[in-house]
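Multiple structures follow.
Consider the two complexes below, in which chain A is the common component and chain B and chain C are the respective partners.
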Partner chain A sequence: MRVFAVAIAFSVGLLVLLGYFVPSETLLVDVRLVLVQWAVILAAVAVLVGVLNLLGVHWQKIQRRQKGGAYSILLIVSLFSAAVLGIFVGTDSPTLRFYLEAIIIPAEATLMALLAVTLVYASARLLRHRPDLMSFLFLGTAVITLFAAAPLPFGKVPPLNLLSDFLSPWLTQVFATAGSRGILIGIALGAITTGLRAMFGIDRQYGGN
Partner chain B sequence: MAISSELLSAIISFLMTIFILSYLIRDNPLFRAAIYVFVGISAGYVAAVAWRQVLFPLLIEPIWTGAVFSNPAQAILLFFPLIGSAFLLTKVSPRLGGLGHLPMAYLVGIGAGVTIGGAVLGTLIPQINSTFEAFDLELAAASGRNLLLTTVNSSIMLLGVIGTLAYFHFGARLHSDGSVRRNVFINILTWVGRIYIAITFGVLFAGVYSAALTALIERIDSMRIFFNQITLSL
Partner chain C sequence: MTITSILGLLFVLITTGLLLGLTYFQRKSTPVFRDIPAYSRLKRAIGHSVEDGTRLHISLGRGGLQSPDGAPSLAGLAMLRQLAEQTSVGDKPPIVTSGAGDLAILSRDTLQAGYKAAGAEDIYNPATGRLTGLTPFSYVAGAITAMRDEDVSANFAIGHFGPEIALLTDAAERTNSLSIAATDDPAAQALLFTSVDDPIIGEELFAAGAYSNAGKAHLASLQAQDILRWAIILILLGGSALKITGFF
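On to the complex of A and B.
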């Protein structure tokens, strides 16, 4: 079974990879499209398996009367109501849209809003626990970028105009671009290595030691 | 008095906002209840989307309507994902879960192929090209930029790219005194790379903070509108 799994991962990975580097009119590109469509179907099934697993974990929590079981009841009821409505009535039904507008969007926006406070708290902690050159550079750049982007009530008065007209664009377009380019190239090299390790069966994320 | 769906939506939205913002005081049951409801609704919604947008039209409908039986090619194309789906569903059971390794291996293989292809064609080659294209003085002259300034800025960028990459190089050599150290040249580049990374994360932090602040202002404004609605309806 293990050898078979590695053979599947290697062969489909290689076929998809070759599909990227051959001319677009060849059979290999069609094969890649079919393989990716099967993967989309299997990924959707994997999502369902994940949701079923979530249900199972919380169902066990309720059955064993563990701490926080009342929250699990809330989760199961809300999960069932959204899933049943979505599957039988449709994802664009008014009730599901109501869930989206009344619960999902406000919750996501408020979690994002919490970040505004926690980031300030984290910055203060950073300065207290690691007051070194890198921390000052990091926070100094953040403050300069924020000030340069903010519409100040008294307008662009000297020397503040230097921030928005010279320093901030220079930091963003030269230093931050170089840094993010280096990070992106590093991520790409890491992704290639991880992908090759998965394809050759050195790392088996799909199970089987 | 009948409550309109808009008002009910505004009330629930307001409660969700207050419950989640209550986390600023400390972790509390209201925050947890809101988060569990949010996770439940989101998971149910994702499951419904996976069923309605992918599984039903691509896998179930062709079998349900019998379209697959009149077209042998489609039947062959559907056979593999159907078997794979059945194997994947065994992951729910601890006893039969081993069968799920095969479709998972398939997904990992596809993911690896797509990731490597995307990383090479979508990131590695374009980013390296952009780094060296910055030195294109003909292009700079055509767009009316100062050539000296362009060269200086491009050199600063090249140094930053190399320095940032050096920062993530963790190779070291065993020296005669028994210590494991990095090359001095790599150490200098790493120090330069740290400066660039600090500035890059500072800019990213500013972007994320702006987005978070926008969300906070939007939530506060939505609460103000809610209070106005309530006041007007009274």
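On to the complex of A and C.
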């Protein structure tokens, strides 16, 4: 069974990989597209399984009267009401849109705002945690870039215009871009070797091995 | 086939050759890599969590395997396999949170494999591998709740995360638990630089397996990456030199 799983993973991985390199009108590209579509369908089924798992975890929490059980009840009620509405009334129904616009979007926006506060706080603590040259450079660059991007009440007066016209573009387009590309090259190399390990069955994240 | 496709295919073939060659024809001596402080801290944290009877929380991010963000998730799963084996025998087994359905299923499978390898399959609880949300912030909110309610002493986030990872590391600090995090997103890495003591930057994420004794394939993988990185550096420098001298 294990050999069978590895053989399927290897052949599908190889077909999809080769499909990226051959000309677009060949059969291999059509095969790749079909396999990727199947993967998307499987991923959707996996979401359903994941939601059932989420439900199971919160149900256990309620049954065992664990801390935060009230939130678990809220989660289960919200989950079922949204699912029932979506299935029977349709995803375009005003009630479901109310769920999205009045609950989900504001909640996510709140967390986004909280993130901004968290980052300011983390930056302020950085020098206390790690008072080294890199921290000073990091904060100095962040402050310069912020000042250069901020609309100042008195306009671009010398020498502040040097920040927005010269220093900030130099920092962001030369140093930041170069650093970011270096990081991305390293990540791409890591991604390729990790993918190849999975394709050859060296790393088997499936089948309980 | 275009020249880009041929070069791409050639690159993949060279990487495959290096990976398989270094895996199966490795020297007897183990290759030595530089110290990455975050992984040393993680090793200590694993020991403490087993000794103290506290829990390890592993966040695998929200990179679904059918998306381009799947590679860090695969690296996270390889690390999870080792962590599960090392910590499953503790009083409180590790919990794993993820933000994609396929990743949640694989995390449970990997956890079970770790328990099996440690000879503790009978105490494996599927509820320890969870999907906590499908959007970036709902995932993090669910992971923070799990971290707060389950007596967690150390948090290890490895996978695809965006800037929302800062909320996770901030919550870890508020609960006085250790936080180690790695992501492939450069913007999120910048945030990690401010919010954790030893940030894992760039390709260090993919070194997790090699630093946790996941096998010779992981060591070979890291060696192959190093060789290819040097090749790319030389090509870039050569290209720049040719451009400067007007040959290209």
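Criterion: the second predicted complex is superposed on the first by the 208 of 209 C-alpha atoms of A that agree within 3 Å, B and C clash if a C-alpha of one lies under 4 Å from a C-alpha of the other, contacts with A are read in each partner's own complex, and residues count from 1 in each chain.
Throughout what follows, a contact is a pair of C-beta atoms (placed from the backbone, for glycine too) under 8 Å apart; a residue touches a chain by one contact, two chains touch by 3 or more.
From a predicted model like this one, the values you see are computed outputs, not experimental measurements.
After overlaying the two complexes on the shared chain, residue contacts for A:V16 are found with chain B alone; chain C is out of touch. Once chain A of one complex is fitted onto chain A of the other, the partner contacts of A:I76 are limited to chain B, with no touch recorded for chain C.
Looking at the shared chain after the overlay, A:L115 reaches both chain B and chain C.
When the shared chain is aligned, chain B comes close enough to touch A:A149, but chain C does not. Legend: residue contacts after superposition of the two complexes on their common chain; A:L160 is shown touching neither chain B nor chain C.
When the two complexes are overlaid on their common chain A, residue A:Y206 makes contact with chain B and with chain C alike. Legend: residue contacts after superposition of the two complexes on their common chain; A:Q60 is shown touching chain C, with no touch to chain B. Residue contacts after overlaying the shared chain place A:V29 against neither chain B nor chain C. Looking at the superposed arrangement, the partner reaching more residues of chain A, out of chain B and chain C, is B. When both complexes are overlaid on chain A, the residue A:L126 reaches chain C alone and has no touch with chain B. Once the two complexes are overlaid on chain A, the chain A residues touched by chain B in the first and by chain C in the second are 17, 20-21, 36, 39-40, 42-49, 51, 53-54, 56, 68, 71, 104, 107-108, 111-112, 114-115, 119, 138, 180, 182-187, 189, 191-192, 194-196, 198, 205-208. Put simply, chain A touches chain C in their complex at residues 17-18, 20-23, 36, 39-40, 42-51, 53-54, 56-57, 60, 66-68, 71, 104, 107-108, 111-112, 114-115, 118-119, 121-123, 125-126, 129-130, 138, 180, 182-187, 189-198, 200, 202-203, 205-209. Against chain A, in their complex, chain C makes its touches with residues 1, 5-6, 8-9, 11-12, 15-16, 19-20, 23, 64-66, 71-72, 74-75, 77-78, 81, 98, 100-102, 104-106, 108-110, 112-113, 116, 126-127, 129-132, 134-135, 137-138, 140-142, 145, 149, 163-164, 166-167, 170, 184, 186, 189, 191, 193-195, 197, 201-203, 205-207, 209, 215, 217-218, 221, 224-225, 228-229, 232. Touching chain B in their complex are the following residues of chain A: 1-2, 4-6, 8-17, 19-21, 34-49, 51-54, 56, 68, 71-72, 74-87, 90-91, 94, 96, 98-117, 119, 134-135, 137-146, 149, 171-172, 174-189, 191-192, 194-196, 198-199, 204-208.
Those residues of chain B lying in contact with chain A across their complex are 5, 8-10, 12-13, 16-17, 20-21, 23-24, 32-55, 58-59, 77, 80-81, 84-85, 88-89, 91-92, 97-98, 100-121, 123-124, 127-128, 130-131, 153, 156-165, 167-168, 193-213, 215-216, 218-219, 222.
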